[in-house]
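Both complexes below contain chain A, partnered by chain B and then by chain C.
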Partner chain A sequence: MGWLLASPYLVYSAVFFLIPLFWALYLAFTNWNLISPEYETVGMQNFIDAFFSPSVRAAFWVTYKFMLMFVPIVIAGSLFLALILHHLPRWKGLFAVGYFLPYLASGVASSIVVKGVISYNSPLNQFLRDAFGWDIDWLGSPILAPLVIALMMAWKFVGYYALLFLSGLESIPKEVYEAAEIDGAVGWKRVWHVTIPMLYPSFYTVTILAVGLMFGIFTEPYVLTGGGPEYATHTWQLEIYNQAFEKLNAGYGTAVAIINSIVTFASIFVFRKVLEKWGGKHGWE
Partner chain B sequence: MAGSKTWKVGLLYVLAFAVLAVMVFPYLYMVLGSLAPWDEVDRKLIPSSLTLRSYEWLFQGGEDVVPRPWLRAFFNSLLVTSASTLLMLVTAVMVGYALSKVKFKGRQWVNNAILFQMFYPSIILLIPLFLIVRYFGWYNTYWAMILPKAVNLWAIFMYTNFFRGIPDELIEAAKMDGAGHFTIIRRIVWPMSRSITTIIFLFLFMERWVELLWDMLVVNNEKMLTLNVLLAQMFGPYGGYPGPMYAASVLLTLPILILFLLFSRNFKEGMQFILK
Partner chain C sequence: MNKRKWFKLAALLMAAAVIGTGCQGQTEKEQGQKKGGSTVQIDFWAAPNPTQQAFWKKMADRYMEEHQNVKIKVSPMPESPSSEAGIQSAIAAGNAPVISENISRGFAAQLADSRAIVPLDQFEGFDDLIAKRQMKSTISTWKFADGHQYVLPIYSNAMLFGWRIDILKELGYNAPPKTYSEVIEVGKKLKEKYPNKFLWARADLAKPTWWARWFDFFMIYNAASNGTHFIDGNKLSADRDAGVKTLQFFADLSKNKLVLTKETKDPFESGTSVMSDLGPWTFPYWAEKFPEMKFNEKYVLSMPPVPDGMDPSQSKTFADTKGLVIYASATKEQQQAAFDFVKWVYSDPQNDLEWLKETNLPPARDDLSTNEAFVSYFEQNPQLKLYAENIPNAIPPMDNAKMVEIQELIGKEALNPVVKGEKTPEKAWEDMEKAINGVLK
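After this line comes the complex of A and B, so read on.
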């Protein structure tokens, strides 16, 4: 009976997980173009090509560039929001719901809004021109374009991550604060020496989630920049999509996807180790 | 002392409202953009008057522009998302129940397999999944958008954890009365999990609704596109018509917002379980 009840999962995983998984491991070593009935195995050629490909290398570095922008912004932002929510005497739930609203937005819709907000004649750009004489080509700059996308994503996720920090804050026992007060830790000192160390588990979770997210960016650059300018927002997913479905290099695209997974696994593993070591050094759990 | 306290609380609320304004601003901008006269879209923050022209254009087309099937796309989205979400919920409850309340050989093995799959990067599967769907003849059908998204590992994981908290005695007592597993699920387990179900439903629905990559791959017939995909593909050629693009964005965003606000009463308690 247990097997019967679990069967939806088992059937689904066989068809939509195991078969594609083995198929992928085979495809990555072929030169198949998604259409022709004939193709041959090419050994490691796809992986070698990928290693020397400028667009794959771009995707590799762009991901870390996004991380460098997104992770600090989203952590500082969500911690700030959580602290506000935590100290509100009333309407905490109401504000939490409000802060969560951006998470509901489709990346497509928010990209359209952002494109409007930074378009040449937009109120924002008019203001910057009139007040400072700045004429900014937001999506034409290799630094501003990824920053715009990182900010969009921070807007979307900050309310969600704030809830994680909030549940961390709420789990800190009152006695800890009282003990700290006796030791003379008040105000910002208290935040720094008591709250933040006690929040380490939430901090850890949010960081890993935020880092993992950077390997799956697709919608925003697809709609907003197409990966440009000059590969400045060219993500892994965009590269895989372009290779497999625009250029029809199914075999090569699969190889890139495999490399992407290995890089993702390795990066997250390293981040976890670094965070654990850093937390351990300060005696945080 | 009391004075400084009120002052601080006041400041806190000012901050709280300022943050709220930032969070809501893009939505407001979208709605105002969809209602503004066309020569004021993206030029004025607050339009001098309101008009429905963008919505009319969206559904009827302009003088030299063919109308696109926006309404049809909206219903495609609704159909695909509802079917897919419903299947994900039903299967998650069934499997979660099996993995927490039914003892069978290999249960631990299935639990481990789910955990492993959850952390497996799904991008590897993208291309072969597309090939499987094409092989089954599902290309350009609703099946392609529903069936590969009919089971959700995260939902199974959540229900398994939640059901573990339901006392075994309750299930045993029902069995004594001759109830089968399906009756137990329907009569006991399902009603008990209402608060977590609303949150899981919300997350599944939302994520399915804004899916872009997959829905874009398996459908290219304009009549079958979901609203999210249609909007993403039309934004390029129709970038010169920002008003209607905002109107379509409103159409895309509204259902999720309404759904969320309807369910938000259970939001905080449900989230507390999800985030544990």
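After this line comes the complex of A and C, so read on.
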């Protein structure tokens, strides 16, 4: 009976996950261009090409660069927001929903808005030029362009992650704080030695989600920078899209997608181990 | 029932679902032919643009009234994440339409290379269609390296440069510059009077975005080379001398700080720049957002500038142009029926006029500026007249399956570093040639 009840899910998984997965694994060893009826198997050539490709190497490092910028910003921002929401005497739900709204905004729409805000003749840049003589090339600089994208994504996800932290904060028993107070932990000491360690499950979830997100960035660099300048914002997804759909190298694009999934899996695994070690120190198993 | 039996049942269900999904496309296709006995069903994918969809729906309805044995279903092509990707996915899944519009020559080259589309010149009545639509000269540049015509151009935007004539007049000019040295001279005068203004604001000049090259490099290169093909078949056939001159022009613009490569919102409309690459799609946008942009008052149009010593009246430009293709996956009967429909549409210039009124995109006809049918339209829309006149002077994109890589390399190896002052035009051209030859190998 169990198999029968599970069969809709099994069928769904087979059609939409397993078959495409095995098909992708096969395609990665071919030179199929997505539309031609004829193609050949090329062995490991796609993987070898990807290994030596400057754009794949760029995608690899750019992801970690984004991670270095995005993860601390989004964790600090969402924790700060959660602490404010937690201490609000009323309208907590309303504010929480308000901060969550950017998460629902279309990536294309918000990218276009950001493009307008940082354009050469925007009021912001006009002001910076007139007041300080700063003529900033926001999307033309290899340092600023990824930072703009990381900040934009942090704005989008901060409200969502704040909700996860908020639920963590709400679940810390009052008794823990009372005990800490008796032991002399007040103010910042209380936050550092009680709140943050008690929020370990939320930190764990948010960090893993944020790290995983960095391997799937597409819309923002696609609209804002196209991966430039000089590959500074060239992500895995941009590389896969460009190869498979722009250059019609579907076999090669699939190989890059498989490498991407392996790197994602390995990175998340490492982060999990580090976080679990930190959690273990504070009594979390 | 034991566990094994349940497992078998689940496996059977899975197999049925997979087979059912796989067969769906085929069943629909077969139905397209069988439905109603001799009725031929054609799926027509129109551009994901309401005006173009409205035009094709109207045409299909009229055609079906006259031809009861043909059923044409017009629907917008999927555009997630782009219309090209939508078509590729449909072909891969076996759900390609019989015919679609919105296909550039470059993308058609990729499709033709994979034998996903059929040559149109092999249909009976092709020459008659070309003659009736008066497009012999326009379509001559569309011939593919294998001698066939795979795309029937619907519209052709001969890309022009817009010039802020109000600002030029302030600088003492009554007409836009026509040669490189004249352009630089205008730019220098502009900088003297307005240090914060630029000749051309174009962030794409510093980016390797492949399609951006159509609206900067190829506009200038086509003018300098008299339209010499950049790629011929599978060989780089570009005019080196014209190419280096083109890059030198960009280098001079950059050296004199006349180009702005930062993202800028509506730079031409706001007067931040005085020159801009313009297609006719701009004018409906201006009518809505910038009604003050009046032709001959605020702006004028011109063909791209040419190197000193060349005749500016012979200038060529890039043709932003798209057309119709017929897919190889359709049955012979469907293909012929689709071609007959197209022939019917283009046998009457009034249909092209209707298209022009609906979309503002100039039909790809040699006689667009002289045919009586369009005279009154151009009198009411004088800004479009120069576009119409220059259709035969506009060169469509290259017909090479590696177009994306090639155009990316033009940016990466040549245009971007030249604009950034990192390479001399000669070195940039040499590097670009080497890289493109590597791709064409």
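Throughout what follows, the second predicted complex is superposed on the first by the 271 of 285 C-alpha atoms of A that agree within 3 Å, B and C clash if a C-alpha of one lies under 4 Å from a C-alpha of the other, contacts with A are read in each partner's own complex, and residues count from 1 in each chain.
Just so we're on the same page, a residue touches a chain if its C-beta (ideal position, glycine included) is under 8 Å from a C-beta of that chain, and two chains touch if they have at least 3 such contacts.
These numbers were taken from a predicted model, which means no experiment stands behind them.
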item: First, second, both or neither for A:134, with chain B first and chain C second; value: neither
item: First, second, both or neither for A:21, with chain B first and chain C second; value: first
item: Chain A: partner with more touched residues, chain B or chain C; value: B
item: First (chain B), second (chain C), both or neither touched by A:228; value: second
item: Contacts of A:61 with chain B and chain C, given as first, second, both or neither; value: neither
item: Contacts of A:121 with chain B and chain C, given as first, second, both or neither; value: both
item: Touched partner set for A:37, first chain B, second chain C, both or neither; value: second
item: Touching partner for A:269 - first (chain B), second (chain C), both, neither; value: neither
item: Touching partner for A:236 - first (chain B), second (chain C), both, neither; value: first
item: A:51 touches, of chain B and chain C: first, second, both or neither?; value: neither
item: Chain B/chain C common contact set on chain A; value: 1-3, 6, 10, 15, 19, 115-116, 119, 121-122, 222, 241, 245, 250
item: Residues of chain A touching chain C in the complex; value: 1-4, 6-7, 10-11, 14-15, 19, 33-37, 115-116, 118-122, 137-140, 222, 225-226, 228-229, 241, 245-248, 250
item: Partner chain B, residues of chain A touching it in the complex; value: 1-3, 5-6, 8-10, 12-13, 15-17, 19-21, 23-24, 27, 81, 84-85, 87-89, 93, 95-117, 119, 121-123, 126, 155, 159, 163-164, 167, 215-216, 218-219, 222-223, 236-237, 240-241, 244-245, 250, 253-254, 257-258, 260-261, 264-265
item: Residues of chain B that touch chain A when the two form their complex; value: 9, 12-13, 15-16, 19-20, 22-24, 26-27, 29-30, 33, 41-45, 91, 94-95, 97-99, 102-104, 106-107, 110, 113-114, 117, 120-121, 123-132, 148, 150-151, 156, 181, 206, 209-210, 212-213, 217, 228, 231-232, 235, 239, 242, 245-246, 249, 252-253, 256-257, 260-261, 264, 267-268, 271-272, 275-276
item: Residues on chain C engaged by chain A in the complex (per definition of touch); value: 1, 3, 6-7, 9-10, 13-14, 17-18, 21, 81-82, 84-85, 88-89, 91-92, 110-111, 113-116, 201, 203, 206-210, 260-265, 267, 270, 272, 401-402, 404-405
